[in-house]
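Paired with chain B in one complex and with chain C in the other, chain A is shared by the two complexes that follow.
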Partner chain A sequence: MKKYSAIRFCLCLNLLFLSGCWDRKELNDRAIWLATGWDVAETGEIEISGQIVIPANVQTQGGSGGASQQGFFTISSRGKNVSDALQNMQTKLPREAFFGQRRVVFLGEEFAKRGLKEYFDVNQRASDVSLRSDLFVVKGGKAKDLLTVPNPMEKSPAVTSLKEHRQSGGRGDTAYLNFLIAANLDGIRPSVPVMEMSSSIEGEKGGKVDSPNPKVVQLAGVTVFNRNLKMLGYLNNEENRDLLWVMGLLKKMTISTPQSKGGSSINLTKIDCKIEPIFSQKNDQVSFKVILKGAGALQESNSGLDFEYSENLKLLNKKFEKVAEKQVQRTIEKVQKEYGQDIFGFGEAIHRKHPIRWKTLKDNWDQTFPKTKISVTAQIKIKRIGMEGPSVLFKDSEIKK
Partner chain B sequence: MFKTRKRKLSQKMKTTTALPPDVQRKQLTPDLKTNEQILKDLFINCSDFTSRPIYVNGELKILLFYIEGLTDTKTLDITVLKPLIFQGLPDGLNKVGTLGQMIEQELFAATPVKKAPEMEKVVNSILKGGLAVLIDGEAQALILEMGGAEQRNVEEPGTEVAIRGPRDSFTESLRTNTSLIRKRIRSTRLKLESLTVGELSQTDIIIAYIEGIAPNTLIQEVRERLKRIEIDGVLESEFIEEFIEDVPFTPFPQIQNTERPDIVTANLLEGRVAILVDNTPFVLIIPMTFWNGFQAVEDYYERFMYTSFIRFIRFIMFNTAMYLPSIYVALTTYHPKLIPTTLLISVAAAREGVPFPAIIEALIMEVVFEGLREAGIRLPKAVGSAVSIVGALVIGQAAVQAGIVSAPMVIVVATTGIASFAIPRYNLGTALRMVRFPMLLLAGIFGLYGIVIGFIALIIHLVNLRSFGVPYFTPIAPQIPTDIKDVLMRSPRWTNRFGPLFTFGRNKQRIPPGQVPGPQKGGRKS
Partner chain C sequence: MKLSGLQIFWLMFTFETGNMILLTVSPVMEDAKQDVWISYLIASLLGVLIVYIASKTALLHPKQTLVQFSRSVFGKWIGTIVVLVYLIQWYSVIGNILREFADFTITTLLPLTPPWTLYVTMLLLMIYVTYIGGIEGIGRCSEVFGPIIILSIVLLVIFSLKDVETINLLPVYIDTGIYSIWKGTLTPLAFLGESVIILMLASFTDDPKKVVKSAVSGITLAAFSATIVALCVLLVFGPDIPAKLRHPIFDVISYLSVMDFIQNLEILAVLVWILSVFIKLSLYFFLSCYGTAQLFKMKDWRKMIWIAGIFFFALAQFFPDTSYTFGYMKTYWTQYALPINMVGIPILLWIVTKVRKKMKVSGTM
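Let's turn to the complex of A and B:
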């Protein structure tokens, strides 16, 4: 028994070196894939494009000087489905594509309209693909074109769109997860943020990266998807914010009152929303009460109001509330009328509070939702008034106390 | 079968001792000449063995024997030779019994005098630096402890430096060392038991403990383990350590060593036992736990908050030194998904063009670093700086620029190196540096899974270690909540009322309660 222990130990040691290493892959052998683009090719096949880091070009140490080289490149290929396309792509990619760091998915407009249901399984099945991704539809264009647009501040378009989305108070890298959740629930329809190509100076055509007015990618609202994961149409940026507010995902937002009678703005940072389903006594008709909540700092007030007096603050609070109510009400009505898809998640509100009633409602929610009455109330609170009470631009006599 | 044969062999060989067996049992004779002859035969060819004859009334009456260099000749001249030669024998030789008695009582009564009738004792005393006085007509020798062998002064400790705290450290002289401890504990309860180990070296060893605090079982165990040692010579306390430790096959030290008397004293007060060995400044402290490795001497001389913070840093450093290279290798080769995107891109950019896999790269760098460290210690001081400059240039600069090693790997290895030196006990640090290599291999083969396996194996090993019966992870693994106060942090001294449970027990307290400083309650009473 004891005689063989040394031999056994050696055999075990061999096991260490014989197994184990099979999935070892050095960073030099991996192509770090940052973003994926999905398009429909002219032939009707799927076209997959990827944004891949060129590590040698992003080296930050040692003053390279001169013109900086691009830190990424875009590659694309066609196929019956994703796996087929990727296999075709590998023939022109010297390293194995590594999807673990893929943070952004772009969908070409045409592809989004065609529907995602038959193609998207690969994203969940692969173990190395992160669910914490951002998801965008490219407005009026192809994903592969957008993937070639660099940003002068960031290393790659993927990082750019991710950061733009986060900075503007949107859902950031939970967009893909949100999409999956919505695709799986009956009471909410998916909505996907939109990116479009634009230029850094408004109204002029964008030039090259190192020109003063380069081409940039810009957040451009949100799209509405239906039950079959087909894209129906767009909402603009303002409507996107309203949508996110109602969904409870919004992180920051600025509301401005009309300029005509002393326009003022508030920057909301504490934002919340409550949806209350109400069933009428008579015919079991459902209606909703949306309570928007927000608090933040006063940004500007071009009027003679002195905010060291609380009546004036209340007055302004009311004004903001009115603007917000009107704005959100309009957006909800637009969605109800134009698309008839419950992207806000009103159905889910019923589902949570009246699960039994929801069972009868859920099957024809798409028909019920457009006809549902929804009322919006806002509760806005100015927390800080800034550095001055009344505006300094107004004389003492003009100030309302 | 082999074992029994080995045992028989060793029993046969056991008889090598310092003295021939016939001398061992011999008594001194009243005849001075015979005694002289025996001693001279024993010390034949020992050029440092000196005898000094003294004549009384023209007759050879007294012989002094000593080893030159071990005995202080100045003291010898003043205390022995001067009174003997100049004063001569006081009158009335017949009044006081014998010559020996008279010399002992009237001439050098000031120095400690022992009487030895056995030849063995005489020889041993001479070898230890004593002066043997043989007198005609006496069947016993007078032994005078003179001391005076060459020794180093008490200097600043070389290995355990502190910004605040006493500056003295142990020396090679056992007596000096015991005096440094005795100076700190002026109590009769401080016991210094002496014994000798080493057939040839006859090295003095002292077991130090405080009676009533150190558990008797522990003292008894130390005594027994020390008595079991059979060795020809003891040159350093590590010789002893290897014979008495609980688990030999482990990189982790189970006995603490220090050259600072204040550390020894503090440990004695906590009920531990110290073993002082002659001819080395390093004193062993028993038992040691894993957490002792994280306690620096200055922890107890600085404010407790700062100490707690620094201890926390040390734990981080320990884990950094143990796992950082492995985690780096595992993440970059197996789990790049776990690295934040921007960091991954920078790492990938730095690794671009590096020809080796990360694991090989890490191994090369770690080996080179260990080599540099070793060279830095061994080289003469004058060359040492050259090594560090060349090392820094070769590893830090040239290797990266040549594209052989990536810059992040240099950072990782350098951080690891620094971290491994942040552990106060040097021998725990060495254990750490050794264990790092298998961990690195596991990471290179299995990724994070391998690191987890290695971590679990290491913890199981550590928890299984014992130091004189005390579990190595006390007070964390057998959890003793009150003792954690001085392990993961250092609580203020007035809260730390008891010593460690495993040595101290709970019926003795070190500090009485109610000593929290602050304004007097209810105002000052006049």
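Let's turn to the complex of A and C:
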């Protein structure tokens, strides 16, 4: 075996040259990119803005306190498309942008209206960008402005909006995947959540970050997109929740009955929805039955009903059901009338349950959907009533048993 | 050089799984859409059948490799042609896999590294394991790597459970139909059919009784893993997006997010995949060297390693671009290698051997 020792030595020598130093990337050569903003620049080009972590200012708790500085900064530049804009951006960014931690994408209103189809490919062609990402349209503004709004609780606007989205029971970081899936299907149109700039105290103009009433970013409903991935318009927060409920994506929600009839609220935590397509026998017209299901804990009831009696619970269940049915029905009708786009996925319900009939329906679905009859029924159950039977504010004589 | 039954099992599993999971999901989804699992199940059944026939055939000729017994079965000339058909497959696939390996690693991990460094590193590893250990060395490696691959697949399935949407399975069959499902079946079947290399491997075993059992169960496990993974991709992403991605499983892994802190696992997945590719490449490397040496009756098959190593390097460099490797898989591999090398010849070998044995028996009576 001695004769091979020279070969072995050569093989070992190779290790010195071949141990992958081509792509050495130090952490301090990288700019960690948290969120991307897409806008249309005044010149008509694309403007890309990014939110980048300032590593020195992102301290863990218990560090040298005092007036801490911002943990991020925002940078933007324009170009023909994203890659061009990024190349232009790199001229003022000392480190290479790293997209592996990007979790949020903001679209300026104008950009969303212009349509995404011609610009959005870059997100998936790059290997380091994950499909897990949140997606927002910025209502009445530019994404780059929203990316400059910090939040006193969080390190950056990106984290803020992600957490707000999750706390409100919405899609969270699956929004981008949801958008892509909807863009690929015939029976559902994409809908994208909305963020807007607002102030921490309602009705007053927001001040600086360290003032008691700082500017904040706020979840503001959802947008409707059409087949060509162009934005058509907005729905508000309440309608957004109805939409998510019908889509089966909602995680939590509070329903309140009107104050005049003894205002009560339930916090739904087990939420589900079933869409049943029904075909009439005469002319094969399709209509839908939506069955909303929800269960949760009673939050408040200002009515004097004693909930230790099951009749009272049933009564309240009925009231909640009525409110939910009305609300969701109104939202569906509004979408049908104003936008005519099936963002709920009724078409997909036919596709999955009656695939053969769907083949004839799918080409004209945009025309069929606005004229389709949709009825909503709700089944709501109060699972827990909280720490009191009747309200403690009512006298014995006022309590209805 | 001796292989135990267990080594054949892990060899078969490791050799199939990595590339099959990475490369087949997207083309199958393109054809079979949400019925991708039906395609994989059919492919699994047929794949197991292929390896069963191949290992049975190999056992009819104990202690002989394909190169030796094909000439005794078909005669000198046809036998040599049969061997050449296999050698073409083995030689060409190594260049292709090397290319694919470098392409994928560069895209995901090392964007600035020139491809030839990756070819050279991988080739050196292959040469090392083949030269020092031969088939036994590769078998032992696969005994270590196989369980790692299984573990990663199990973890992948567990981690993706919370993102699963069972509704993605519907509607079954109506959207695609039998033709699309069958078209989808061909790609994974062409990968599972590679298990015909058992025709060569069976001669190295120390316990011929176990060959059929270990080979079949190894392929079954590989087919099962690939089916589960394809199902996983379908349930998380639905049928339309993965069909357009080149490596959907990579995107599923980068999509995973467990409790917001287990994220960006794709790099680990690439490393596990490289383990499998290493086994696959070394196995083909060994087969082409050993087969060629036997064909030309060389005394020391190890001498072939040096010639082949240089040849494969040149071949990998020669593949012009990505669409070519894709075309290789779509045309040569599924349209020629599958019906001829994986189905046709093993069945022919089996039938002719049986007939000859019968004739011999009746002749002596």
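The criterion applied here is as follows: the second predicted complex is superposed on the first by the 385 of 401 C-alpha atoms of A that agree within 3 Å, B and C clash if a C-alpha of one lies under 4 Å from a C-alpha of the other, contacts with A are read in each partner's own complex, and residues count from 1 in each chain.
The working rule: a contact is a pair of C-beta atoms (placed from the backbone, for glycine too) under 8 Å apart; a residue touches a chain by one contact, two chains touch by 3 or more.
Because the structure is predicted, anything quoted here is derived from the model rather than measured.
**Student:** Determine, under the contact definition given at the top, whether A:L131 touches first (chain B), second (chain C), both, or neither.
**Tutor:** So A:L131 only meets chain C here.
**Student:** A:L177 in the overlay: touching chain B, chain C, both, or neither? Say first, second, both or neither.
**Tutor:** second
**Student:** What is the contact status of A:C12 with respect to chain B (first) and chain C (second): first, second, both, or neither?
**Tutor:** A:C12 contacts neither chain B nor chain C.
**Student:** Just to be sure I read the superposition right, which of the two partners does A:V392 touch: chain B = first, chain C = second, or both, or neither?
**Tutor:** A:V392 contacts neither chain B nor chain C.
**Student:** A:G100 contacts which: chain B (first), chain C (second), both, neither?
**Tutor:** Both partners, chain B and chain C.
**Student:** Figure out whether A:K155 sits in contact with chain B (first) or chain C (second), or with both, or with neither.
**Tutor:** Touch status of A:K155: first partner only.
**Student:** Going by the contact rule set out at the top, does A:N28 touch chain B (first), chain C (second), both, or neither?
**Tutor:** first
**Student:** Give one of first, second, both or neither to describe whether A:R352 is in contact with chain B, with chain C, with both, or with none.
**Tutor:** In the superposition, A:R352 touches chain C alone.
**Student:** Which residues would you name on chain A as touching chain B in one complex and chain C in the other?
**Tutor:** Chain A residues touching both partners: 20, 23, 100-101, 130.
**Student:** Sort out for me which residues of chain B touch chain A in the complex.
**Tutor:** 332-334, 336-337, 341-342, 344-354, 357-358, 407, 441, 444-447, 450
**Student:** Given the complex with chain B, which residues does chain A contribute to the contact?
**Tutor:** Residues in contact with chain B: 16-17, 20-21, 23-28, 30, 32, 34, 53, 55-61, 71, 98, 100-101, 103, 128, 130, 155, 159.
**Student:** Once bound in the complex, which stretches of chain C touch chain A?
**Tutor:** 107-114, 117, 120-121, 124, 128, 163, 167, 170-171, 174-175, 237-238, 240-241, 245, 250-251, 254-257, 263-264
**Student:** Which residues, counting only chain A, touch chain C once they are in their complex?
**Tutor:** Residues in contact with chain C: 11, 14, 18, 20, 22-23, 100-101, 124, 127, 130-132, 173-174, 177, 180-181, 184-185, 351-353, 355-356.
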